[in-house]
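The structures considered in this document are given below.
One chain, subunit A, links the two complexes that follow: it is found with subunit B in the first and with subunit C in the second.
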Partner chain A sequence: MFTRLTVFTRLLLFLLLLMPVSVGFIGVIFPSFGYFPALDRHDFSFDIFKKLFAVDGLGRMVWLSLFTGIGSTLLATLCTFLLLAACYKSSFLNKVQAMLSPLLVLPHAATAIALLFVLSPSGLFARLIGSITSTTIPSANAAFFPYDDWGISVLCALVLKEVPFILLMALSVMAQPSNVRKLAGYQRVGVSLGYNEKSTFFKLMLPSIYAQIRLPILAVLVFATSNVEIPLILAANNPGTLSTAILHWFNHVDLSMRLLGSAASILQVFVCVFAILFFITIERGVALWGRNRLHAGKRNFFERSIAFLGTSVLAVYAVLIAMVVYVVVMYSFATYWPFPHLLPQGFTLLHWQTALSAIDEPFWNAVALAFATSTSSVVFVLLTLESEVLAPAKQKVARLFSLSLFLPLLVPGVAFLYGLVWFQQLLSTHALGFHTYIAHMVYVVPYVYLSLAVSYRRFEPRYAYVAQSLGKSPFQVFWHIKLPMLTNAVCVSWALGMAISFSQYLPTLLASGGAIPTVTTEAVASVSGSSERLTAVYAILQGVMPFMGFVIAWTLPAMIRFARTRKRNRFSQKVMRYGP
Partner chain B sequence: MDHKSTVLRGQTLSQVLSLQHLTIHKGGERLLQIHTEVPAQSVLTIMGPSGCGKTTLLNAISGQLSAPFVMQGDICINGRSVVAIPPHKRKVGIMFQDALLFEHMSVKENIAFAIPPERYRSKKAQSIAIDRLLENVSLSGFGDRSIDALSGGQQARISLLRTLAAEPDVVLLDEPFSKLDASLRAQIRQWTFDEIKRRDIPAVLVTHDKEDAQAADGEVIEIMPC
Partner chain C sequence: MLSRTLLLFICVVLCCVSVHAAQPSNQNASPQKKANESDMPAQHVRFHAWGGSAQVNGYIRWLSEQLKQRHNITLQHVKLADTSDAVARVLAEKAAGNVEEGSVDLIWINGENFATMKKHGLLAAKWVGQLPNFALTNPDDNPAMTMDFGEATMGMEAPWGRASMVFYMRQSHLQKLQVNAPTNIQQLLSFSQQAPGRFTYPAPNDYLGASFLKYALLSLNPKQHTLFYQPVTPQALDDTLPSLWQFLDALHPNMWREGRTVVRQASQLQRLVGTGELSLAFTFTAAEIPSAVERFDLPTDIRTYAMDDGSLANVHFIGLTFNSPNRQAAIKVVNFMLSAEAQAEKQKISVWGDDTVLDMRMLTGKQQRLFKEPALHPSALDKTLPISLLAEPHASWTDALRNAWYERYGARY
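Presenting the complex of A and B:
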C-alpha cells in the first residue's frame, strides 16, 4: 500500500517535472513558426524567424548572453577551484562555507540590487574614493558600472552568485563518505610522491571532484546565459541580453510581438546549447592540457600564487559583503545622503513604514507560495526517495528520472515559461494561484530533491533493516525511524525550497500574469521606479525572508527533540507514580 | 494479522530454520551455495574471508536481498517457506556489529518499539515488563536514559533485548561481538547464546573469530571465496 503510494508519487513527480517543460516548449515552437490561433494566425512559415534575424542588434544581444553566461561560469568555476585549493586542508573552509552560504539563498535580484548600491557611480565604492581623493564628480567608475556596453557588470553579479553555488556543490561531493576516503587517500599519496598541496589538489583530487559537479555547473551555465533579472537590473538596455529582449517582446502591448518572442525563445535554446558545447570544448582543452602536464611531473604548481589568488577571491567577497550590508542598511534608514559622504545626514523609519505598508500583500503572497511549494516538494521528494529504496526502478528508468530532474535547470526558463503560461491560460484563466504554484514547483522540486537525496542516501540502511526485522512495515520504518533521524536534513531542504521559491522572478511574473506580486517581483520593479531607499528595504527583505526559513529549519529539530524528551519524562513520571 | 503463523507456532513446539539448496548469484556468477538445517536452540556459524557473501546470505534469510544479488532454492522457517514473505513479516531478527539503537528514542522506547502490538494490556504493564527485562541484564534504571549516554557493552545488551522483544522465530547475528573489547566479549556472547537457547529458537552467526564459533557450539560452515 505504502510502497504503491511511493511509486505513484515518483511517477507524479516525473510528470510534474517533464510536463511543464515539454508542454511549454511546444507552446513556443508553434507561435515561432507563425501558428497562433488567438491572433488569428494559422499558417506555418519561417517569416517570424526572418523577422527575428532582421531585428537590429540581435547579434549583439546573442553575444552579450554568451559572453556574460560563459564568461561568468568560467570565472566562477576558476574562482571556486582557487578557493578550494587555497583552503581545502584548513578548518578555515567551514568558515568560508558559512560566509558564502547566505549568498546562495539571496535571490539573484537582490544580488544585482546590492551590487548596484555598491558599484554604481553614486554607490559606496565611489563614495569611498570620493571622500578619500575629495573628487566631487562621481566619475570614478561612471563609464564602467552599471549599464556598461560589455556586460561586465552583469558578468560580475553572475560570478558573485555562482561561486557559492559551485563551492557548495563541490563541498557536498567532497563530503560524501566514499569520496572522503578516496580524496584523503589521493592527498596522502600525492604528498608522499613529493607533490605540494596545491598541485595534489589540481592534479589528483580536482579531476575526480569535477566529474561529479559537472552537471550542476552546466545548469549554472544555462541559467547564467538565460537569466533575466540580473541583466534587467544591471545591463544597458539597448540592446540588453537576448533574455531581456524576450521579456520585453512578450510583455509588449502589441500582441503580435509575442510571435517574435517565441522565435527568440527558440533562439535562446540554441544559444544555451552553443554555450554548453563551447564550455565542453574548453573543458576538453583544459583536460588535455592537464593530462600533458601530468607527464611533466612537476611537483610545484604555483603554490604561492594559488594561495594568493584563492585568498583574494575570499577577500573580495568579504569586502563586498561588508559593503553591501552597510550601504543597503544605511540607505533603508537614510534621509538626505549627499555624495560623497559616507554617512547620511539623518536617519528615518519612513522608508520602512512606506515599504512595509505596501509590501503586506506581496509578502504574504510570497510566503504562501513558498510554503505551499516547498512543503509539497519535500513530501513528494521524500516519497520518491523512499520508492527508490522500496521498489527500485530499472536502471534506464532511474537514469531518465534523474535527467528529468535537471531538465528545468537545463532548459532556459524564458524558453518554456511563456509556452507553459499559454497552455495554462487555455486550461483555465482563473486558477492563477495554481498556475503559479506549478511554475514554482518546476524549479523548487529539483533543488529540494538534490539536497535531500544526499542525506537520504547517506542514511545507514541497517537502521531500516533492524526496524523491519522487528516486524515494522515499510511505512512504520519510514515514519518512526527514517523521518525522525533525518529531521535536520528535511528541515534544511524545506528551507532551501522556500528560498528558491522566494527568489523566483520570471515564473511568478508570467504564470500569474502579474496578478500575484511577490517581494521579488516588487523589488525588481522598484529598481526602475521608486526611490533607492525603498529598493534598499526590498533588498533587505529579500535577504531576510530566506534567512528566516533557515532559522526555522535550524530551531525546529531542537524543538521537536525537546518536545519528545518532555513527553517521555512526563510518561515515565506517571509510570513511577502508578508503578510497582 | 499474523493469525496463520500463530496457529503454526501453536502446533510445533520448537522452531527450525532450513536452507534448502540455497544458491546466491551475483550478476551471472555463483557466489555461494548452502544446504542445511538449524534446529531450535542451536547456532549455525558461517565463517569465511570478507567479500565471500556471508552478509549476503543473512540478507537473503531476512529478505533484504537486492540487485545485483539473486537467490535460488528455498528458505523455510518451521516448515513454511518465507521467500515470498516481505521482510517485516518474516519474524527474523537481526543483530549487527553496531548496536544501531534508534537515537531519537530512549532505552525503554527502543525496546517498546520492538514489542508486538497489544502484547500487554496497558502501557503501564508494558513499561513494567521492560523494566524487568532491563533488570535481567543488570541495567535496571536505564530505561529513560538516552542512547548516546550508554557504553558500547550496554548498547550491545539493549540491542539484543530489543531484537528478542520482537519475539523473532529466527535470530541472525552479523559479527555482533566484533566491536566489543575482549573482557566484555565472552560475557555478552555467552549471554546471547543462553538467551537464544532459553527462547527455543535457531540462530545464524556470521563471524571471523574462531572463539565465537567454538562458543556457539553448533555446525560451522566455511564459505570459500569463489
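Presenting the complex of A and C:
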C-alpha cells in the first residue's frame, strides 16, 4: 500500500515537472521556427534563427553568459572549499553558516541591489573614501563597479550568492549521521598517516563530499548562466548577457520580437548545456590532477595559503554583509543623506509606513503560496525518494526523471512561462491560485529535490535492513527510522523551498496575471521605481521573510529532538532541567 | 510524540494542498455569482498599471476607496514593473481563444503599447464616447484627446493625464562645478563638455529615452517640423538624422560613464540624481520632483525648469481590453477617473501632480476652484512661466529613430 503510494507520487511528480515545462517548451519551440498563430504566422522556417545569428553582438552576449556563469560557479565552489578547509574542524563553522544566511535567503534581485548600495560610485564604500578625501560630488566615470564591460560585477554578485548555497549543501551532506562517521574516519586516517589538517580535507574528505553535492553545483551553474536579475541590475548593457536580451525581446512592444526571444531561449538551452559540459571537463581535469597529487603522497597541501585564503573569503563576507546591513537599514529610515556623509541627516518612519500600508495582502499571499508549495514539494519529494528505494525504476526511466528535474532550471523562465500561461489559459481562466501554485512548484520542486536527494540517497541503508529484518513494514521504516534521522535535511529543504517560492517574480506575475501580488512582485515594481529608500525597505522585507523560514528550519529539529528525548526519558526530566 | 507531530504536520500539508487547489476557483467564481444574484452587485475591476511610483500608487488607492463608496466597485491595482507584461498577457489570452474571461480589465498605456494593442485587436472599441465625462475634455477642440502619438484612438482608450518634458538639476552641484543650467539643446552639449559625466539619458527602448531623442531631433531641425507629423520616410530620415548624430557623437563621450552604458529605465535617472551621481536629468512628470523632495528621495537643492527651445508634450490613456468580463463596471470606473473631482485630486502636488486632461472652459466655477493650488514648492516647476510645447511626432518616428540609434550605437539589452 505504502509502496504503491510512493510509486504513484513519483509519477505525479514526474508529470508535475514534465508537463508545465514541456508545454512551455513547445510554446517556445513553435514560435522559434516561425509558427505563432496569434500573430498570424503559420509557416515553419529557419528564418528566425537566421535573424538571431545575425544579431549584432550575439557572440559577446553568449560569451558574457558563459564567462559569468562558469566563472562564478568555479570561483564559488573554490571559495566554499577553502572556507570549509579553513574551519571544518572548529565549532566556528556553525557560526559561519549563520553569518552567511542573510545572503543565502536574500533573493538575487535584492542581492544585486544591496551590492549597488555598497559598491556603486555613490555607495557606502565611496562615501568612506569620499569623507577622507572630502569629495562632495560622487563621480561615476572614475568607478569600475558596476556596469563594467567584462561582467566582473555580475560575476562577483553571483559568487556572493552562490557560496552560501553550496556551503549549505556541503554542510547538510557533512551533517548526515553516516557521513559524520565516515568523514571522521577519513580524518583520523589522514592524521595518523601524517597528513596535515588542510590536506586531509582536500585529499581525503573533499572527493567524498564533492560527489554528493555535484548535482546542486551543476544546478547553480545552469542558474548562473541563465540568471536575469543580476545582469539586469549590474551588467553594462552594450550588450549584456544573453538572458537579458531574451527578456528584452519578450518584453518588446513589437510583439513579433517574441519569435526572436523564443529562438534565443533555445540558444540559451544550448549555452547551458555547453556550460555543463565545460564544467565537467574541468572537473575531470581536476580529478586527474588530484589523483596524481594523491599518488605523489605529499603530506602538505598549500597549508598556509589555504588558511589565509579561507579566512580572507570569510573576512570579505563579514565586511560586505556588515556594510550591506548598515547601509540598507540606514536608507530605509533616512531623510536626506548628502554625499559623502556616513550618517543620514535625520531619521523617519515615512518609508516604512509607505511600504507597510500596502504590504498586508502581498505578505499573506506570499506566505500562503510559499507554505503550500514548499510543504507539498517536501512531501512529494520524500515519497518519490522513498519509491526509488522501495520500487526502483528502470534505469532509462530514472534517467528521464532526473532530466525532468533539470528542465525547469535549464529553460529560462521568461520563455517557458509564456508558453505555460498560454496553456493554462486554455485549461481554465479561473484557477489563478492553482496556476500560480503550479508555476511555483516547477521551480521549488527541483531545489527541494536536489537538496533532499543528497541526504536521502546517502542514508545508511543498514538501518533500514535491520528494521526490516525485525519485521517492520516499509512505512514503519520510513516513518520511525528514516524521517527522524533526516529531520535536519527535511527542514532545511523546506526552508529552501520557502525561500525559492518567496523569490519568484515572473512565475507569480505571469501565472496569476498579477491578481496575486506577493512581496516580491511589489518589491520588483518598487525597484523599477525611483525611490532608493523604498527599495531598501523592500530589500529588508525580502530578506526577513525567507530568513524566518530558515529560523524555523534550524530550531524545529532541536525541538523535535527535545520532544523525543522527553518522551523517552520522562523520568529524567529533572536532570534535563539542570542540564545544559 | 514525534510520530504524532509529524502526522499532524503531514495532515496540515495535505489539507493545505487540497484547500489551495480548490480555493482559487471558488474565489474567482464568487464575484460573478454574486453579480447575478443581488441587485446591488459588488463589482470587481482589475486595473493594470505601472506600480513603480508611490505617488501614483497612492492616488490609485484613493480612486479605489472612492469607487467602493460611490459605486460599490472594487478597483484592484495590479502593479506592473513593465506595462508590456500586461500587453503580453492579453495577447496570450487572445492566442488561447479566451474572448470573454480576460484577466485584464483596464490598462494604463500610451504611444507604442497602444499602437501594439490596437494593431492586434486587444482593446475594446468605441466605448469612450459613452462616457458622460469624456465631453469635459472638449475633444472637438483638443485633438490630443483622440490622438495617441499620431495614432487615432478610435474610442479604444480614454485620456487620463497630460505631461510635458522638463529638466531638473542639483543647484549645489552646478555652483560647485561653476556651470549654468542649459536652456537649449546646444547649451546642453556645452554643459556636458564643461561638466563631464553629470548627465545621461535612458536607452531608447525606454519611453523617456526615445522622448529625449525626439526632443533633440525636433530642436535641432526647427525648420523641418512638418516632416515629423507625417509617417516617417527614408527621405525624411536622411534630411534630419545627420544633425542628431553630430550632436550625440559629441555628447556621448561626456555623459555618465562616458556613454558606454546607459540606464535602462527612466526612474533610474531620478535615483542617480538622488544619490548625486548625476547633476542634471529630465522627466515627463514635473510634479513628481517636489513630492520626491518631500519624501527625501531627492535633495532640497533640486530646481525644475523647462527648456527655452520647447518641451515635448503628450497625453496618457486608459484602455479597456477586448475580453474584459467586467466591461460595464470598468466604464463606470473610467468615467469617475475623468470627473473633475478625481482629476483635481490627481493634479494636487501633494498627491501626484499629473496635469488634468479636462478643458477648464467646460467646467462650472465650482469645479474649476477644485484645481486651485496653494503656494509653490521651491523645487516645483513654476507653471506661471510660459512653456513652448512640442507635440509628439507621428508614432512611426519612434521606431525609426530607435532603430537608427541602435544601428549607430549598438543594441542595449
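Just so it is clear, the second predicted complex is superposed on the first by the 406 of 580 C-alpha atoms of A that agree within 3 Å, B and C clash if a C-alpha of one lies under 4 Å from a C-alpha of the other, contacts with A are read in each partner's own complex, and residues count from 1 in each chain.
Quick note on the criterion: a contact is a pair of C-beta atoms (placed from the backbone, for glycine too) under 8 Å apart; a residue touches a chain by one contact, two chains touch by 3 or more.
Being a predicted model, the structure only gives us computed values, none of them experimental.
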When both complexes are superposed, which of subunit B and subunit C contacts more residues belonging to subunit A? C
Just checking: does A:His480 make contact with subunit B only, subunit C only, both, or neither of them? Give me first, second, both or neither. both
Touching A:Ala358, do we find subunit B (first), subunit C (second), both, or neither? second
After lining up the shared chain so the two structures overlap, which partner does A:Gln212 touch, if you call subunit B first and subunit C second: first, second, both or neither? neither
Please indicate which partner A:Asn196 is in contact with in the superposed arrangement: first for subunit B, second for subunit C, both, or neither. neither
Figure out whether A:Val55 sits in contact with subunit B (first) or subunit C (second), or with both, or with neither. second
Tell me which partner A:Arg564 touches in the superposition: subunit B (first), subunit C (second), both or neither. both
Thinking of the overlay built on chain A, is A:Asn488 touched by subunit B (first), by subunit C (second), by both, or by neither? neither
So, A:Gln425: does it touch subunit B (first), subunit C (second), both, or neither? second
Touching A:Asn179 in the superposition: subunit B (first), subunit C (second), both, neither? neither
Going by the contact definition given at the top, which residues of subunit A touch subunit B in one complex and subunit C in the other? 480, 484, 564
Residue numbers on subunit A that touch subunit B, as the complex places them: 392, 460, 462-463, 465-474, 476-477, 480-481, 484-485, 487, 561, 564-565, 568-569, 571-572, 575, 578-580
Which residues of subunit B touch subunit A in the complex? 62-64, 66-67, 87-94, 96, 98, 100, 102-104, 106, 108-109, 113-114, 116, 123-124, 127-128, 131, 143-144, 146, 162-163, 165-166, 168, 172
Contact residues on subunit C for subunit A in the complex? 1-3, 5-6, 10, 12-14, 16-17, 20-21, 23-25, 27-29, 46, 48, 50-54, 57, 61, 76, 78-82, 84-89, 91-98, 101-104, 112-113, 115-116, 120, 173, 176-177, 196-197, 203, 205, 256-258, 260-262, 264-265, 267-272, 274-279, 288, 292, 295-297, 299-300, 399, 410-413
In their shared complex, at which residues does subunit A touch subunit C? 36-39, 55-57, 61, 120-122, 136-141, 147, 149, 232, 236-240, 244-245, 247-248, 250-255, 258, 334-339, 348, 350-351, 354, 358, 368, 371-372, 375-376, 378-379, 418, 421-423, 425-426, 428-435, 437, 479-480, 483-484, 509-510, 513-515, 517, 521-522, 524-534, 560, 563-564, 566-567
